[in-house]
Each structure stands twice: as structure tokens, then as C-alpha cells.
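So, here come the structures, one by one.
The following pair of complexes shares a single chain, chain A, combined with chain B in the former and chain C in the latter.
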Partner chain A sequence: MQILKNKKYAIGLLLPALLLVSVFIYYPLFATFYYSFFDWRDFSNYKTFVGLNNYVQMIQDYAVRKALVNTFIMMVCVIVFQVGIALVLALIVDSIKAGYKFFRTVFFFPVVISGTAIGLMFYLAYAYDYGLLNAIMTAFGGQKKVWVTENSALIMVLIPVIWQYVGFYFVIFLAALSKVPHDIYESALIDGITGIKKAIYITIPLIWDVITVCISLAIVGTFKVFDIVYVITGGGPMDASQVLGTYLYKIAFTGQNQGYASAIGVLIIVLGIILSTISNKLTERETITY
Partner chain B sequence: MSGMTKKFSFVDVIKYLILILWACTTVLPLLWVLNNSFKESNEILLNPMKLPSKLSFFNYSQLISYGNMNIFRGFLNSLIISGSVVLLVLLFGGFAAYVIARFDFKLTGIVKIFFTGAMLVPAFSIVIPSLVILRKLGLNGSYLALILPQTAGLLPFATLTLAGFMKTLPVELEEAAIIDGAGVLRIFFRIIVPLSIPGLVTAAIFVFLWSYNDLFMSLIFIPIREKQPICVLLSLVSSVYGTNYGAMMAALIITVLPVIILYVFLQEYVIKGMTAGAVKG
Partner chain C sequence: MKNFKKILGLIVLVVFMVSIVGMYGNTGVDAKTTEKVKIRAVTYFTGADPWTNTWKEAIKDFMAKNPNVEIVDEATPAANDAIRTKIKTDFASGNEPDVTFFFVGADAEPLLKSGKVFIWDDELKKDTKWSSNIYKSALAFTTYNGPIKEYKGKVYAIPTIGFYEGLYVNVDLFNKYNLPLPTDWDKFIKAVNTFKSKGIIPIAGSILESYYLIETFILSAGGPQGHNTPFHPSWEKGLNIIKDLYKMGAFPKDALTLQDAQAQALFADKKAAMMINGSWCVGGLKDKVNTKIMPVPVVPGGKAHPTDIIGGFGSGWYVSKDLNKKKNGWPVKFVKYITSPEVEAKFIAVGGVPAIKCKVPNVTPVAQSGYDMMAKANSVSMPIDAQILPEAFTKIRTDLAYVVTGKKTAKHLLAEAKKIQDSVKK
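Let's look at the complex of A and B:
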């Protein structure tokens, strides 16, 4: 296999991918750090070095605090509800006699649709005059209400954010459950352990490594939330549903302050690295072998 | 144990009720949109829950031109952009994956770390410098302004997934080809690509869906309305169409229809593609 030791061929084949990733991911990564120390507006040719000013501004910025708090609330809700509901649904589907394929198809369906479409769908469902929710309210003799207010905005964007990806984790859990050997369940049955007890004491510990992987995926995923929030509320009203992505977008492209937006970008990168390191540590435990 | 002997126990009924309830949440909202997309706006206001009194394609027809926004044009733009991204990612990712899977020296380990690291970088954090680069390259306003960053963003995932797939291929065919004097490119296109079809299809579907569904990069890198992909136009419909609910619902259906068709026909591949890399094995 002489040919496969030839570095010239290897580098030639790697070059296009390395070049694109270097130019459009690694270089911008370092440039973001660099820009974050400048006062830079409207993408102009002039930047003024301001040291840590942007970071000081960030600490004092109410919207950044709000976006951070919202991101963490989202993280907790996503772990508890998204991963939780997915696990419960997977445990139920794994225990039924028929319909496995049907439910897998239907539950995964929202995952493939764009966040933009999901966002618009919920925007229409929440609408006052013609929305689905108010239609249901009036059909049951209730009153129409305004669904997205300053108090409720975060919850109203959280619902579709959580709902969309339940099917994703559901499919992963389902695959994990199908790998649990049946003799373990049979011996549990002999011991009289069934139903919820069986799930808590036997099934969940057996697929615990998959559960932790899903939790870390969900954590990293909350940093990427943008489309749904952007379409439903745009982060408002009064920053009530602001997340880091929507705020960065607002500062960089409607506020036209690229230096400050870069500092927010650095915050997102640093938080992302810290949290994925923590969750990697959590998922590093040994894989269970049967 | 007595519950086991019955065909359908009370617990089973509860289980199916929960599952059907969740199934309703995933299917009904879209059916509601589909239903209303065939009504004229005043009928939506009167009866948002009822079936249309007559099937009207008015909402769809007005999408063809509304100001300077044509959803169908956006659909074509999406196909051009996402199609190019799929081809580039598979080609360059395939090359890189082949090196990682077969070439054996120190470099391949570093390359793996290079790609794994790139996957951790969130798209939000790096858009400003990316935009500056695109402007310097004079690509602003062209399809390439979105194709290149999307390709770069998807290459790490596709490369690592394809490398995992190619490692499982038997090496004998390649050895025979080398003895016959075939070059690296010939081996790649004649042997590796045909054998990797299942892996390539899985990667292609993920890349296509991700690119087609991406809003953030599309919003920033393509400022020209005539070249914007469908997702961007969809995000603008509520401001462009104002209170024209019928048009919004029709736009929504046009956008998700191709994805739903893809999903229905290639379900196994779609699920594999979207969940690949999540959990090994």
C-alpha cells in the first residue's frame, strides 16, 4: 500500500476541506476575539481600540443578562421536558405491542421542518384574531386572549423550542432501548418487577450513558436557538424572550455595533466550550456492556 | 401477572392515549395550516377550524409576486444553494474522509482534532468576520456568499461521519486496484464512492436539510431579495404580508412541502442522517 503512505496525495485530498474550514471557521473564530477589543460601527473601515470596554458594557447590559438568564432557563427546561418527554414516550412505545413504526414516523416529523416554519406556525397559532389557540378557546366558550405578552413571551417561545426536538431524542432512546437484552427483563419479571418500577430500577440505569449524551446534546443545542425565537417574538417584547443568538443579531445588524456584537460572540464561544467540556466529562463514564 | 393474560389492559389504553395525544400535537398544527391555506382570508377569520367552503388557490397564486418577493423564486434559490452545498460537502468531505480512513500517519490524527474542534464553534459567534471575508473576496450578493460558509460549517460533521463509514469498507479492492496501477483519484471515484453510497446518501440528506432549513446564515450572507433562499422569505412574510393570513399559510406550506415529501419517501435515511453522530452504534 505504498500509495497510502504518500503524504502528497493525502495533503492534496485534504486541502479543499482544510482550506474552507480554516477560512470560514478558524480564522473568523480568532478574528471575533480580535474585533471584540474595538469600537467598530456600520462595518466601516475605521475601528478604534478600546481594550475591555465592550466587555465592561456587556456586564452592565440588561439585555445580555436577560439573554443569559433565558438561555439557562431554556437549558433546564430542555433537559427536563424535551429529554424527559422523549424518554417517557420511548419507554411507552417500547412497551406496546403495535404501532412502533407509526409513532416513530409521526414523532420525528417536526425535527425535519425548519425552525422558521415552526416559528411561523406558532406565530399563527398564537395570533389574536384567527389563531388556533383562540379558536379553541372560543370553541369551548372561553374568551380570546393575547398570548404573547412580556410575562409570557419566554414560555411561548419555549414551547415550540422544546416540542420540535422531542422526536429527535425519542428516536435515540428507542434505538438504545431496543439494544437492552430481553433476558434482563425476563429475570426482572420473575422477580415481579414490572411497569414503572421496571423503568426506574432497570431500564433507565441500563441506558444511562445514552441519557447523558442526550442531555449534553440538549445543552449545546440551546446555544443554537435562533430561528424560532426570531420569527415568533424577535426577542421581545422588552427583551423578555431574548436569547444570545437573537441579541447578537440585533446588535450586529440592526444596532450596527460590530465590536460589541463580537464581544457577545466571544461570550457565546466561551460558554459553549465550558458547557461542552463539563457535559463531556459527565458523559465520559464507561459504556455499559451486557 | 394477571394483566399479562388480557389482550388489552387498562394500562395499554392509557399508553395509547398518551402516544396519540403527542402524535396530535405534531400533526394537527400543520393540518390546520394546510386547511386554512385553501381559504380566503375573511373565511379564515370567520371559521379558523372549519374545512374550506370551496377549495381556493388564491393564496398560492398571490405568492408568485407580492412586491419584490416571490416564494417560488426563493424555492429555486434554495435548490441552487443547497444543491451546491451538498455536492461540495460530499466531494471535499469525501476526499478528507478517505484520507482519515485509509492514510496512516500523524497528520490524520491532527486533522480529526481540527474537524472536531470546528464543530464546537457556533455559527452566531463568527458571522461578522465571515461577512468581512466575503466582502473582501467580492462575493457579496452572490450565491457563493452563502454556499461557501455553509459548506465549511457542514464539512466537519460530514467528513467525520463519512470517515467512520469508509473505515468499515474492505480494503482488498483498493489493494487490487493499486497493483493494477490505478491512481488515488481513480480509486476514490471508482471504488470508494460506489461502495460508500449508503453513507453518502445519509450525509447528503442531513446536509441538504440543514442547509435548506438554515435561517441565520442565509439572513446575513444574502442581502439581495432575488437571491434569498426560501427560509429567509418565510421569515419575512409576516412583515411583508401584514395581516394577509392566507398568504402566510400558503407560504408555509410551500416551504415545508419538499421537506415532508423527502421525509415520507426517505424516512430511514432522514432519521439516520439527522441522528448520525449523536450516539455511536
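Let's look at the complex of A and C:
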């Protein structure tokens, strides 16, 4: 009771936030789980309990399997390229004295543009008849080509997805690098360690906890990819670039089947939790304090 | 210091009270406006829609004539099915608007199931001065014939702007290459081959958004009877025709990912010779003189009459039964105003087919060709998506890419869609 009395202001201040999170996150979360056991269409008041039918349908659904495979490919690419490029850029920018602020702003800039705007920009760039890429090709005497095909669709949506959030992780890494004490680098310099070796053996271990957080964020972020894919390809052609988010949207809003869409939503939530837990375990290291 | 605090407190109190008074002033809660009626109207006349300006002008005029009525414009885009989600959730959650401009057919059922939709029959009988202007054939599209007893045989929405789907032709391109207009299948195929050889896209069609291709070719293959019978064997033939045209190279090279808006631009810019689309495209055409709209030709062995078309009145004005009563009939009065011949003429001047008798000034040649096609039609069928579940139709539309590329047969796709349809009926 004494603790409660002492912390009453803190609890009072936390309550509104807790209320908001409960109403807008936890309630929809549990409601989604509940609705996934019903045949519920057209957002109507009429629902029929169907048990695990929606989950059975999900297992049999080719588009869900394709979306899962695409999501995993996207996850690997995001970790390798998004987090990887961000780390490399941060290491390079951290090592320069002039232009630090310029590069920080330039690389962060795509993060502030909405995903829909980026999607539209790339959709127009890829277009066959009016597209930027084909305009460049023909200007140099080349032939127009179809950029988004069944084979290339996933890569074509991955490019903007990766590009947009490189800056986000880049800024986080930059902040982490600024915290590394300079005397460690000076000692390393005396021992003759420079360049890539310095990054591998000193910098990366020292900011490893930040890297793990970024990897977790990237994994969870992959499940949220929607706008860019939706605008550029709509998940097609032939589900080639389908991700769980776009397929959920298609079922819920174009197909008006909210029960089945809820089951897909549950799959996204469960996978997100499992994968972020696994990534946390895999990247767990003893925290280095400095 | 104490005095300072008191003065500060007093200032804060005064400012607070002034703000409260100001707020009341803004919301119109004063003696003069206590009887003011607010009507929430949801339409899809957003910025992207060609009728937006006409709609805005109409509500402004109505409010000027009726100063006690305020129309709250809650326009929601039709794109990405945003309007469907809004209307259906609003009706399901008891937040239905006073007036709604929404789709009819399969989309109307969830609204009617809620029992909140006003039935127009009495009003149509009572006010003949207004109702005699509405075409009976248009009202047939908004008369309910399904299993909900309360609405059986009743008019649940007032039609206003109709539509047709047909083959748009850039006549000047046909003249340039001495091609006859595609009035039958042989001429159509000849045009496809000629334009392809000349580097012009034969048909500006999108496989990704293939609504109109599916509907018109299924109608052409099966005639009205086949088209209007869910999963009739002729549907397979209709889809296979699209596949054959795709293999011939009749569509843009990026048809699998091309959006309909871009396909329309290709036709409007004369990069494509033909386009299968609806009456809503007329407003966006650059050349309204050298463009003609005609029925899609009958495919070999097809059951359609050469003038059978897809069309009708796919949207109408709904009113909330309870809110109309509560607001002294103002929602109904507003819909009557919107569906008066004067306002109708303004809407039709932008595009579409009138459901209400009106004089439309300055009809362009292309719009006239559309009206002629509608007037001469042997039959007018509502699109397939008004007849089957949205999920089943979405399956056919989005998986058409598998069919045209030969990765799935039309038979297999239709069987998958039918399975979805049947799973709900159980």
C-alpha cells in the first residue's frame, strides 16, 4: 500500500496511456482472435461460429503460403540489406568530420515520406508506357521493358521497402556510435587496429545490443509492410509479391470476408511474436558496459 | 505574489469562459438556431470523382434555400472499397448516416438486413409530382427481390445516375488505317491484329482491374441468361476469350499490373485504339468527337444479341428510416431535391445515364453514342459483382492473371470461386 501511495502520481499519469493502449491495441487484438472463429462478412451484425474453419482454409490457401514465403524472403532481405546498409553507412558517416549533418539528413529523409507516396513514385517509375525507367532506357537508345513481372515483382517492391527505412536504422546506429568512448579507439589505434578490423572487433561488439534491437524492429516491421506493395503491385501479378498484409486487406475489404481476414491477422500477430522472440534469443549477448 | 496568482487565476477563468461562449457560438447553439437540422450525407463524390463539384454545388444550393438545414458532407472514396467499409460498418454499428449514396444489388443486402433503410414506395405514390419523373425501368434496379421479407418487392433506394459498359473506339485511328469499326468479331480481331502490327495498343485493358473485361465477355459468350446465372458454363468461355486476346497481344504489355486509371490514359492519349470500360470514363476523354462507344462484339458461338450490354443503375439514394422520422422528413426532402429534374440535369451533364427525366444541355458526340447504345440495347444486365459474393468475384478478378498466362484453367478458377460462394450459402 505504501508503494502505491508513493507511486500514485506515476500510476495516475500512466493510466490514460494504459487506457488508450487497451482500447486501441489490446481490445482489437483479442477481438480479432475472437472473430477468427466466425463466418463474418460485410461487417454485419450477423456472425456464425465456425470453429477452426478459417484456419483450415488458411492452411489450404495458396496465396497465404505464397505470402508467407514472400514475407520470410522480405525479412531476410530487410535484415541483410536494410539493417546492413544502415550499419555500413553509419560507420562511414561516423568516421568523417565534414558533411556529417548533411549525410544524416539526406539518408533519413525517405523515412519521413509516406509509404503510399513512395509506392506511387515507384509505380510510376516502373510503368511500361509512361514510366521513368523506360523513358531513361529509350533516351539511351534501349528498348522498353516490363519491369514488374511474375519473376521480378518481389524484387521490385523490395527495393523501395528497403530504401525507405535504411535511414531509420542509420540514425539509430549513428546515435549508438556517438556513445562509444574515443579512448577505446585511441588505444586500438596504438595497437595498430584500423578500418574494417576496427569496425568488426571493436565498434560492432560495443553496439551489439543496439544492432539486436534494430534486427528485432526490422523483423516486426516486415509484418507491417503493406502500403508500398499495395500501391505498386497490389500483391500481384499472380500473388508473386503478395505479403500477409496485402492479402489480409484483399480478403477483408475487397472480398468483404472479415472472419477469414481475422484469422490471417492472428497469423501475423503470432508470427511476429514468435520471430521477434527467436531473434532476441539468437542475438543475445552479454551487454558490454563502457 | 498572492495577488498575482489571484489575477492570473481570474484571467485564466475569463479566457476559459470566453472560449466556452465562443464554442457555443460556433456550434450554433443559440436561440435563433435551436431548430437547425443537421443531415449527414455519405456519398463517394470525393475529389477524385467527376461529380464532386456538382454535388458540392447542389448541397450549397439546398442549404441556401433551406437555411435551417445543414448538410454534413461525409464523402468517402470508392477506391479501395473505402466506401463499402464505411457504409457497412456505419449501418452495423448504429451510426448510419441520414442520407447515403451507395451501391445497390449484392452490396445493399447488409444494409437491408439491419432493417434501418427507409422504404420509398409510399413516398413514390404520395408525391407523384416528383416520382413521375423517375423512369420505372431505373426503379426496377433498386427494387428488392431477395429473401428479406420487409423489403421484398419494395424500392429501397432512389436511382439517379446510371451507367453502361461498352467498347470505346478511337475512330480517328480506325480511319487512319482504313479499318471498319469493330461492329462484329471478325472486324474486331482484324483491328486487334492491325493495330498490334502498327505499334498501337489494340485494347487498353487492365488484367489487374479486369471488372469490365470479365463482365462484357461473359455477356457476349453467354447472353443475358448465361451472364445472369451465377457460374453458368458460358462464364468459362468468356474468360477463355480474354485469355485468347491476351495471348494475341491485344492488351498493354504490363496489363497484369496496370491499373485501370493508367489504361484509360492510354486510350485518351491515343496510344490505344480501343478500350472496354464504363460510362464514367466519358468525362476524362480528351477527344469527345472522334470517340465512339458501342457494344462489345459477340464472340464466335456467343449467345448474346449484338446490342446486349452491361449497365443499369448501380447506385441509389438511401435514407435512414428512424433518422428521417426524427428529423421531420428532412432527409427524404433532401433526396427529393437531389433527384429533381433540375439537379439531375447538372449531374448528367458531367456524365452517366439519367434515371430521371431531364434536359441535358450540350451532350458531346461520344456521350451521345453511349446514350444511343443504351437506348438501342436489346437487354441491360447488371455486372457480375452485383450478383455473386464480393469474395467470389474478387477471386475471379484477381486470379484472372493465372488464367491468361495459362497457369490455371478458367474452369479451375470458376470452381474455386464457386466453392467460396457455396460455402456461405450453407
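Keep in mind that, in the parts below, the second predicted complex is superposed on the first by the 255 of 290 C-alpha atoms of A that agree within 3 Å, B and C clash if a C-alpha of one lies under 4 Å from a C-alpha of the other, contacts with A are read in each partner's own complex, and residues count from 1 in each chain.
The criterion applied here is as follows: a residue touches a chain if its C-beta (ideal position, glycine included) is under 8 Å from a C-beta of that chain, and two chains touch if they have at least 3 such contacts.
This one's a predicted model, so the numbers in the text were calculated from it and none came from an experiment.
Colleague: Clash or fit: how do chain B and chain C relate after the overlay on chain A?
Modeller: They clash: once the shared chain is superposed, the two partners overlap in space.
Colleague: Determine, under the contact definition given at the top, whether A:Gly142 touches first (chain B), second (chain C), both, or neither.
Modeller: neither
Colleague: Does the superposition put A:Phe43 against chain B (first), chain C (second), both, or neither?
Modeller: Touch partners of A:Phe43: chain B and chain C.
Colleague: Give one of first, second, both or neither to describe whether A:Thr233 is in contact with chain B, with chain C, with both, or with none.
Modeller: Only chain C; A:Thr233 stays clear of chain B.
Colleague: For A:Pro205, using the defined touch cut-off, is the partner it touches chain B, chain C, both, or neither? Pick first, second, both or neither.
Modeller: Neither chain B nor chain C is touched by A:Pro205.
Colleague: With the two structures laid over each other on chain A, which partner does A:Ala127 touch: chain B (first), chain C (second), both, or neither?
Modeller: After superposition on chain A, A:Ala127 lies in contact with both partners, chain B and chain C.
Colleague: Under the stated touch criterion, which partner chain does A:Phe253 make contact with: chain B (first), chain C (second), both, or neither?
Modeller: Touch partners of A:Phe253: chain B and chain C.
Colleague: Per the overlay, which chain contacts more chain A residues, chain B or chain C?
Modeller: The partner making contact with more of chain A's residues is B.
Colleague: So which positions on chain A get touched by both chain B and chain C?
Modeller: Common interface on chain A, chain B vs chain C: 43, 123, 127, 129-130, 253.
Colleague: So in the complex, the part of chain A that touches chain C is made up of which residues?
Modeller: Touch list, chain A to chain C: 39, 41-46, 123, 127-130, 144, 146-150, 153, 232-234, 236-238, 250-251, 253-257.
Colleague: Hey, which residues of chain A end up touching chain B in the complex?
Modeller: Residue positions touching the partner: 1-7, 9-11, 13-14, 16-18, 20-21, 23-29, 31-32, 35, 43, 85, 88-89, 92-93, 95-97, 99, 103-117, 119-125, 127, 129-132, 135-136, 139, 163, 166-168, 171-172, 175-176, 195, 210, 213-214, 217, 223-224, 226-227, 230-231, 244-245, 248-249, 252-253, 258, 261-262, 265-266, 268-269, 272-273, 276.
Colleague: Where on chain B does chain A make contact in their complex?
Modeller: Touching chain A: residues 11-12, 15-16, 18-19, 22-23, 25-27, 29-30, 32-33, 36, 44-45, 48-49, 91-93, 95-96, 98-99, 102-105, 107-108, 111, 114-115, 118, 120-133, 135, 148-149, 151-153, 155-156, 159, 174-175, 178, 183-184, 187-188, 209, 212-216, 219-220, 231, 234-235, 237-238, 243, 245, 248-249, 251-252, 255-256, 259-260, 262-263, 267, 270-271, 274-275, 278-279 of chain B.
Colleague: Can you tell me which positions in chain C touch chain A when the two form their complex?
Modeller: 80-82, 84-85, 88-89, 92, 109-110, 113-114, 207-208, 252-254, 256-259, 262, 265-266, 271, 389-391, 394-395, 398-399, 401-402, 405, 407, 424
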